Structures are given as structure tokens and as C-alpha cells.
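Just below sit the structures, each encoded as C-alpha cells.
Presented sequentially are two complexes of chain A, the first with chain B as partner and the second with chain C.
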Partner chain A sequence: MRHRPALVLGALAALTLVSAVLAVGVGSVPIPPSTTLRFFTGGTVDPTAAVLLQQVRLPRAATAILAGVGLAVAGLLMQTLFANPLADPFILGVSSGASLGVAVAVLGGGTLAGGFVAGLGLTGRAGLVTAAALGALAVLMLVLLLGRWVRSVVALLLIGVMIGSATTALVSLLLAFSAPDRIQKYVLWGLGSVSGTTWPDLAFLAPAVLVGVGLAAWIAPSLNAMLLGERYAASMGVAVGRVRTAGIVATAVMAGAVTAFCGPIAFVGIAVPHLARLALGRADHRWLVPACALMGAVVLQLCSVIAQLPGSDGVLPLNVVTAAIGAPVVIAALLRSRTLAAGAAA
Partner chain B sequence: MSGRADLVVERLTVGYPQRRRFTRSDRVVLGPVSVRAAAGRITLLLGPNGAGKSTLLRSIAGLQHPLGGHVTLGGSDLHALDPWTRAARLAVVLTERFDPGLLRGEDVVALGRFPHRARSGSFTADDRRAVTQAFAAVHAQELADVLLAKMSDGQRQRIMIARALAQSPSLLLLDEPSAFLDAPARIELLAVLRRIAAERTIPVLASTHDVEAAVQLGQDGWLIGPGPQVTSGPVPELAAGGAIGAAFDTDQVLFDPSSGRFGLR
Partner chain C sequence: MITSRSTRRAVIGATALIALLAGCSSGTPAANSSPSASASASAGGLDAKGCITDFDPATDYFPVKSQITHATNFAISYHDSYQVLTVPQPTQGGAPESYVLVKCGAPTPELTGDLAGAQVITTPVSSLYSASTTHLPFLVELDQLDTLTGVGTKGFISEKQVQDRVAEPGVVEFSAAGTVDAEAVIAGQPDVLVTAGTDDPGYAVVKAAGIPVLANADWLEDDPLGRAEYLKYFAALTGTEQQAAAAFDTVERSYQELAASVQDADPVAVVPGQPFQGTWYIPGGKSYTTRLIQDAGGTTAWADDSTSGSIPTDLETVLAKAGTAPAWLASTTWTTTAQALAEEPRLAEFAAMKAGNVWNAAKDVTADGGNNFYELGVARPDLVLGDLVAILHPDQAPNHDFSFYLRLS
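Up next, the complex of A and B:
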């Protein structure tokens, strides 16, 4: 079908809007879709609901959209650049770096580094975000620096994984010597959440994600050539090194910013690119980048809706939902797909 | 323009640079090599395993920095061009295997237009024509909508050659294009390449370890060996003159120039 990609994108855009209305509605005080629509069309709305929408629900939905877009597109970039269907946005250690930053800030209260973070006047949420961003940035710089000396992507991948393991070990060390209440704060951050963001937060998150998606769209034609491997890409005039650096920077900016605000959200980055490929039936990145962006927004919003457990008072950790519901969905989708059964996973 | 632009290799030394802290001692694989490949004909690059066929091809293609020397096509220095411009002049078919994913035949062949397309990525009538002609040249029109993952090795190789042709190259380089093919498909492939060279009046340089087919085909050859020397000439003459035997013979195996075949001593 010639028009399938355009149809898929249209359907995903519609789904994004529908899931946004759903996501805005759920919570301790449910807001029916009719109220949400009236709020947007300028009709009269109950003032409590209006405040709730503006201060809590809309930032939460916007965060879910931005995080979903960023993680999905970053996952696509990593899977293509490393020619590896198992790659995700965190494969180069970005989330481990963010975790270390948060661990130092939360757990290392008495230490020199913890004092440094506290000395910046950053406590509470802003402190967490800054610490996570600094940690992600530090790991990114290290990977890019080491990447100058290695030629093969496999070596770069291994370096990323090794740095990730080393950072995780440091976090474990900090955990071993910390008080339980601090550990709990760290664990809560690690469960992932799209709640609690404010409009000023979004003023940081939105540009980071937009820059990343823009970079991804810019290198999309080159990424298509990279599907044949780096040598073929180079023989067609692709500046392989520059495309790789652009992809890594875009990934780190998106994954780093999302992790800083939302914690390490699992599954979305690895699964959504596969779902987008199945939906499109194509491997063309000029379609895949927008499809991943939209599908990421839909998936993460729906996960955040389920995490709110509509109709009850409880709230599930976001990562429990993304993994418990997402993993079976992806496995089922992969098993049902004849094209992937033919031995084509990427 | 006569349209005849030969590939000329002048004193090309290929290998791997080895930099230590203060000294530079390069590991030379081959060279200096001075040979020529005529436009409109196939030139087969022959040599035992490990002789440096792939290294030489990659160095000519600019995918690997040569240690010295020049490569010119119709008088212009290929390695002085920026990669983008060079990709519009020369195309390669490599031995790389990649994950075919959801790529269809047409997706891969259309990728060959990459160096000719504007940044916008829009597909012009010229692009469409080049892709159609490339499919026709390798008789693969029926593979346009087929997933690469479902193709046989021979079909996939035809698609990779079509991709290279879609690049509208003035020089076509192929590394072991017949490696995964059965005997009839190998002969057929060489015939297809010979026709492409003649119709487009371009030099086609293909490495192969299939010496017997090369002798039968009777086109030009570059022979690596014995040792790091390169001899050029029509393949039947290289065979009759004993050069092929000198390069390939081992303790157990002997090349027979009269039959053009290898046999046990």
C-alpha cells in the first residue's frame, strides 16, 4: 500500500490527542473529557477543575508526551546507529550517569560531592534534576571522548555498557553506606514518574526534546544509508563519523533531559521503535522518526493513565506499568509479525 | 567527450598505518602498484586468499586511506574529491552483510541515489529513471516489492549491484560479488557485469577467487602474486604465460594452463 505510512501517521496523531484527553482526566479527582474539551474551547469550567487542569494535569500530560517522544526517537537512533535491535536510549550509560548524579545528591549528603550539590542551593526537586543532568552529561562527555579513539561501533557500545556498569557500582557503594530514608528517596526517583513537573520545568524539557527530534529528522536520510552498514554508507558519501556524533548527542540530550525530570523510564525507548516499524511496514527513517515520536507520546500517556489506576486511590510506579504491560505487548507483536519471524529484527 | 574514462592506479601502496609514539612503521600489504582498467570492459582482480584483494579495492574506493600513490579516473584524482562528489562517480558492492530488517528491494536500490539527491531528499524523475534502469540491468524488476530478508543470496546480490548502478557511477568496484553464488549464477553474474561495462562504457573492477570462471570469460585481469607484485593483462594470457600458476600453486595443487583448471599434483 503506497499510502500506508501517511495513514499510520494520521492515525497516530489522532491517537495522541485522544490519549491526551484521557491522561488529563485521570487522577484523584476525575475530570470528564467534556470538561477538558470545554476548557480548551474557552467554555465555562468549574474553577477547581480549571486550576487542577492548568497546574497539575496539563503539565503531567505534556511531560508524558515529551518524555515519550524523546525516549522513542532516542531509542530509534541508538538501534540504527548500533545496528542492534536491543539498543535503547540508555545503552551508552546516560541513565546510569543520571542515577549516579541523583545518588550523590540524595545519598551522599555528608560527602564532598553532596555538599557541592547542596552548595549550589539546589535542594529538593531542582537539586535532583540538576544532579541527574550533570551525571548524564559527565557520562556523555566520557563516551564521546573515548569514541574519538575507537573506530568500531561495537567497541563504542561496549565502552558505554562498561561505563554504565562502573557507575552502577558506584551507586551501589553509596547505597550500602546510606540511611534508609535517603535510600527510599533514591528508589522513588528510580521508579519513574511524569507527575510533579511544573511549567518552568517544561520550559527546559521541551526545547531539549525538540532539539533532539530536530537532529534526528535532519540525519534521517543518512540513517537510511546506515542501514546497509557503515562502509556502504561511507561509499555513498555519508559522513559516518559526523552522523554518529549527531545521533549520540541527540540521544543524550533527549534521554538525559527526560531522565532528569522523570527518572529512568524503562521499556518505552526499546519497544516503541519496533512497534513503529511494524505499524509502518517500512524501514525509512523519514517516516520512522515522526512515527516513533507520535507512538512514544501515545504509549507513555496510556502507561501514565494506567499507573493512576482510574477508579481507585492508589498509584502504581510508572516503570511497573511500562514493563508489566509493555513487555508482553511487544513480545506478542513480534511473534505475530511474519516479517520479523523471517529473521529481520531491526 | 569520448565517454572512455579508464581507471589508472599509479604507484599505489596499500596497508595499515601503525603509529607508535615517536616512529611510524606502516604495515604494507601491497605495492607500489601501477595498473590500468579499461572503460567498457571487466577487469578481474585475482589472487590467493589474504593476498590483499579487498584492501586494494577498498583503497581504490577511498574507503581506506592508501599509504601512498594516486588513483585517477579519466584523469581526475579520485581521492582528492570530497566523499559526496566521489560517491557520484564510483559505486561499490561489498562483502558486508547487514541486517535486512524491513528493507525491500526498491528501498535498497533507491538508496543508491543518495549522493545525487538534494538535502531535502525529494525524488526526481531522473532518480526514478536511474532506479528503473538499474533494476532492468540486473533483471530484478520483480524483486522491487520483495523484502530483502526473503531473497536468496543470488537475488540479494543482484539488488546490491542494482543499488550500485543506481548511483550512476563512472566506475564500478565489486568485492567478491560471486562469493555466495552457485556455479551457473556465477557465470551469469560475470555476463551481466560484462554487459554493464560495455553498455555504460565504464570500467568494472571485480575481485574474485574463481580463477577458472575468469579464464573462461577471457577479459582483463590484475593478478596479485607471487608475493606482493601485481601483473596485469588478459586473463587467458596470464594463464598461458604461467603467471597464474606462479601465484596460486601450492605443494599439493597445480594450475594447468591448457585446461584452465586446478588439479592435484
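Up next, the complex of A and C:
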């Protein structure tokens, strides 16, 4: 079993490629594989198919990869830093902050904050993304500011949850006073989507995810020591404060960027790290970070393909697919795993 | 107010078709096109308010009876001194409800069988709370705006006349935060509250306090004229059957004439709706919106679909199926193509966008987001159809004065 991690990573890399081919080749509109192949080898294809592949499917597949990588790695960081198997990328209030930003932009057209976003000259999609990013940043800053006064990670975790709840209440208040068509926009945003992003969006999303993964890889060896507790890690010579800050910054950048462009995508951030640990059979972060990244990319691409309901006109909300298909898979994997008995699933 | 010159011109050659349409919608056009007047009610004696002063069980107190020809989600039956208003679906999929509308001055009938336990309302009502802006144009048309003493949310109202009315002291806003404020309703003691065809926990409390809550799920009607026919629902509450019949006949005739004027034209393909965050809701083939598009001489790629609601789909599907459609009918906040492209740059790939033929139902919108398309447009589908015909067949109505739609600039 000494080679297991390498084998798992190899298999995941192959799966990432397969799912990418699926994500580009399959959609609600049937495009023959020969056409797709001709398009990618530089041949001429029907203009509609070209637009679909170039402007719709490629950005969608790329977004699914980036969002999957970002959320899975961020989830891993949070679970390790907070020593909590239920932690996810949104535990520090990133998604509730982004929700508030979007709610203000979409629902509170006449409010001061809505006017601020519009005043930046950002309307339409750019305004929405900016509002989400600003909201996420504001709430995260508040959590971290309060976190400066608390020593334990548990207190920080609770502060994050409390501020998240308060933010959600503000969103509910805005919802209560809004016209139904605006509420629908907000609800749609909350269902998560990798279909709304375009090439210019990816120019922001890709660097954010790369920076986050880079940071995660950098602190991976220290994270292994953190698994045994912060005091133990400190005694091993790990700069606990610096690792924690790097982990939180990496999570904030990745989860914030993904949520700004795709809405709050559920499940991937919490479940993929568990699946990756089960697949690797160990909790070594030097293997876990790349395994989470690849598995996140595979899972979110496959969910995105299923959400397109290939061959039909209809689509499903992405979060319906991630949760409805993902949750049973994780439960089954946990139940079948021998590590469950040892309580090492976390 | 209701007739339109261009409509009349367009319609001269189509009289035979109209007769045919009228014949299709009902077996006896003559009986339906005007209210049937039966025995005179003078025998009973009525006061100035229309209340019975000297009840006579043998008298028919409803000499003018509404005929419902298009709407399927409400029905009225007449029983000399009271009416029974039945709503098959008070909310989507809800169990049927009947209401007993007793003419004031008449004794409450003994309610048995299906009517046992039914809510009893004394008509004509003098104070009415309305949960939906779609009700308001009907009250204006029937000249009964002074009965309106409560609305769900004042900010969503588009029509100036109604805005002025609800600004008067004493007109209550009972659902400003989306949920019904039962206390406000009970304190206001209206004769009746008419719902928007949705349920709310507050309604049970209001009913328990003895205030009748009548369901009005006009949004479940797929036929545009069916929604307009809710004029007769409010006529039953306010005792204005005569005015309602005349006004509805005019709307119906105007709508059918417009539809007939483009019936033989080649249907124009339409891009319906708009995407948001990658999801694009398309009106189903049996929906209200598709019906309007078809009656206006248009079609969508989803016309053969059997859904009456909307279908969630994506940009990919719509681009493949409607990318070459020459016209686009959106219903969102856009007023310029720049706004549309800022929301989704890939919309530039659509032929209708390239041709600058994108229209949006956002001409008549209030600062709070109320859109008269969803208010007056429901009561006046002929005005909506007039806009759509002018968009899809500009040659038919060259100088059309648009009510709800604007072309993105």
C-alpha cells in the first residue's frame, strides 16, 4: 500500500480529464463528438455549435474545475484548522456575507448600499459579482477582527456561525420587503451555478483559486502537525499563528471568489475532503491537498453535467444535484469505510 | 378608452373569423356576449345602496347574471337572493372552496351539503382588502375604487388613480413585509379580503376573527381572457354585473379582433424571457405567455410543450433553439441592450439582439418595482396583445402607441 497515494492521485488526474471531456462534450443540446473533435482540432464547424462550445461549454467546464478545486481545498483547510469534520469553506461567514451583498444589489435597489454598488458603475453581472465579493469581504473582516480577541479556534468558529446567522437575518429582512421578481433573482443566485461565468470572469476566478491552492500547498506540512492539536504543533516548531492566518486567507480568497461568481455551491467543500481522505487512506496534507483539488474538480464537473439533464431542455439547480447525489455517496462511502470504526473519518 | 383605431382598421376583413372564434368559445354566443336579463327585481324593493328593504322569497334579486366564458378557476351560480362563488383551486393544487354571497337585506340561507360551513359575505361589499395588484384595475373599471380600504403592498401599485386612493387616510397596507399582518386586517374590519391565490398563515387568524377571506387565484388561468374575466368576480362582490359584462365584452372583442388580424400571417419566431446566472426560464407551451405570443402571430421553439408553468433551461438550449429568432420578448428590468449584455455578454450571439429587435415589458414601472404589465396587463390582455402584434407584425400596426413594451435602445 506504499504506492496507494500516488495511484489515487493518478486515477484522480485521469478522472479529471474524463470528466472534462464529458463536461465539454455533453449538454442539453446534442453536439456530435465528431463536431466537437473537429472544433478542437481547428476544423470548421456549424457556427451555432462553435458558439456553444467556445462561449458556453468551455467556460462552464473551466468554472466547474476551478470552483471544485477551490471549494474542496478550502474545505480541507477549514476542517483541519478548526479540527472539526463539519467545517466547510463558508464557516467563517463567506457565503452569508456574499448573500448579503447580492441581496442588497438585487433586492435593495433603492437602498444606500444598493446605490453604492450602482454608483461604482457596476450593473448587471459585474455589479452582482462585486457585491458578492464586497459582502463576503466585509463579513470575513468582521469575524477576523472579533477573532483577534479570542484565543481558541472554537470561539472563532462560533463567532463565524453567529455572524453568519445575523447576516442571514438581514437578508431575510430584505427579502420580506421585496417584489417577487427580484426575490426570484436572489433565489436563483442562491441555487449555485457554474453556467453564468464567461471568459472575462475566469480571468479573476482562476488566479484567485491558484493563489489559494498555492498557499494551501505551502502550509500542507505544518497542517499535518496541526492535526494533533495546536499546542503539539507549536511544540514541534510550527508557527501556529502564521499557518492559521495563511489557511484563513487562502480559504477566504478561494471561497469568496467562487461564491462571487457561482453563488453558494453546497456540499463540495464539506464532502470532498472526507472522500479524499477515504480514497487516500491517510491524512497527510501533502497528498490531501492535490487529492482534494482533483476530486473537487471531478465531482463538480460531473454534478454540472448531470444538472444540464443531457438530451432534455430542462436544467436542474446545481445545488440540488450536488446535495441530492453527493450526500448519499458520502454516506455510503463512510459506512463502507473501515476507518469509520476507528473514528478517523475526520 | 378601450377601442383602438388601428385595431379596427386591421379587422374589417376578418369579421367572419371573429364570429367563428366567438362560436368556438361558447355554444351560444348571443347568450354569452351580453348578460341575460330575467324578471325585474322591482317587486322586492331596494334602497339606495342596493339592499333589499322588503324581502320577498319569490323574487330574483339578481336580474343581471354574469356568464363566465373564459375563466375556469371561478364560477358563479345564482339563487334568487344569494350567489355562490366557487373557486376550484384557491391556491395551486388547493381543495375547492365556495363562498355564499348574500344580497344585503336578505336572510342568510340555510347552508347544507357542500355549502355547510362556507363563508358568508353580504353584498355589495363596501370595504375590500386586496392582496394582489391584479385586482385593482377591475375596481377602477367598475368604478368601485372607493370600496378599496386595504392593499397588500402600496409600493407595488402602478396606476396613478389607485396610488392616489391608497394614499388616502384609512387605507391600510396589510402585507408590507410579505406576510399578512392579521392584526391590521382584523383592526380594519373589512367586509372581505381577497387573496392573491396564495396561502398565508395570517389568513386562518383573519377568518377565525370573522372576516371572510376569498381566494382569487387568477394567476392559474392560462387564457389571457380568462384572467381578464376576473372583472366579473369583483362585479359579484360589488353588484356591478351590468358594467362588468359591457366592459369585458369590449376587451374580449378587441382581443379577438387583434388575434384574427394576424391569424393568417406566418408565425414569427420569438426568444422568450431572459437568463439569470445561467438559468433561463422559458414559458411552457400551454402557458399564458405562450398563448399571448401565439395569438399575436408569433411562436416559440417550445410551443409544442405541454407545460402550463415555466421550464427552467439554460443559455445553451435557448441559443440552439431560438438563436435565429428575429424577435425577443423579455420581462425584466432592462431598458438598453448595454444592460442586457452587462448581465450576460453571450446574449450578443442572438440574431434578435444583433438586429436590435429586443423588447421588454418595462415601459410602465414604478420606483418600487411595481410593473403595470402585471397590473393593468392582466385586466387588459387586449392592450398586451396590441403591443405584441405591433412588435411581431409591425406592418399591421405602424403607429402603435405601446402600453407596456419598450424596444431596448
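We adopt the following convention: the second predicted complex is superposed on the first by the 329 of 346 C-alpha atoms of A that agree within 3 Å, B and C clash if a C-alpha of one lies under 4 Å from a C-alpha of the other, contacts with A are read in each partner's own complex, and residues count from 1 in each chain.
Heads up, the rule we're going with is that contacts are C-beta pairs under 8 Å (C-beta built on N, C-alpha and C of every residue); 3 or more make two chains touch, one makes a residue touch a chain.
Remember, predicted model here, so these are calculated numbers, not experimental data.
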Joint occupancy of chain A by chain B and chain C, clash or fit: fit
Partner chain in contact with A:227 - chain B first, chain C second, else both or neither: first
Contacts of A:263 with chain B and chain C, given as first, second, both or neither: second
Touching partner for A:334 - first (chain B), second (chain C), both, neither: neither
Inter-chain angle, chain B to chain C through the CA centre of chain A, in degrees rounded to a multiple of 10: 140
Partner chain(s) touched by A:15 [first = chain B, second = chain C, both, neither]: neither
Partner, of chain C and chain B, that touches more residues belonging to chain A: C
Chain B versus chain C - smallest C-alpha distance in the overlay, whole Å: 39
Chain C-contacting residues of chain A that also contact chain B: none
In the complex with chain A, residue positions of chain B that touch it: 61, 63, 83-88, 91-92, 94, 96, 98-103, 107-108, 111-112, 114-115, 117, 119, 121, 147, 149-150, 167
For the chain C and chain A complex, residues of the former touching the latter: 156, 176-179, 275-279, 282, 302, 305, 311-317, 319-321, 323, 332, 339-346, 349, 367-370
Chain A - residues contacting chain B, complex: 83, 85, 220-221, 224-225, 227-229, 231-232, 234-239, 277, 281-284, 286, 339, 342-346
Residue ranges of chain A touching chain C (in the complex, touch as defined): 27-29, 48, 51-52, 55-57, 60, 109-110, 123-128, 175-179, 181-182, 185, 188-189, 191, 193-198, 200, 263, 308, 313-317
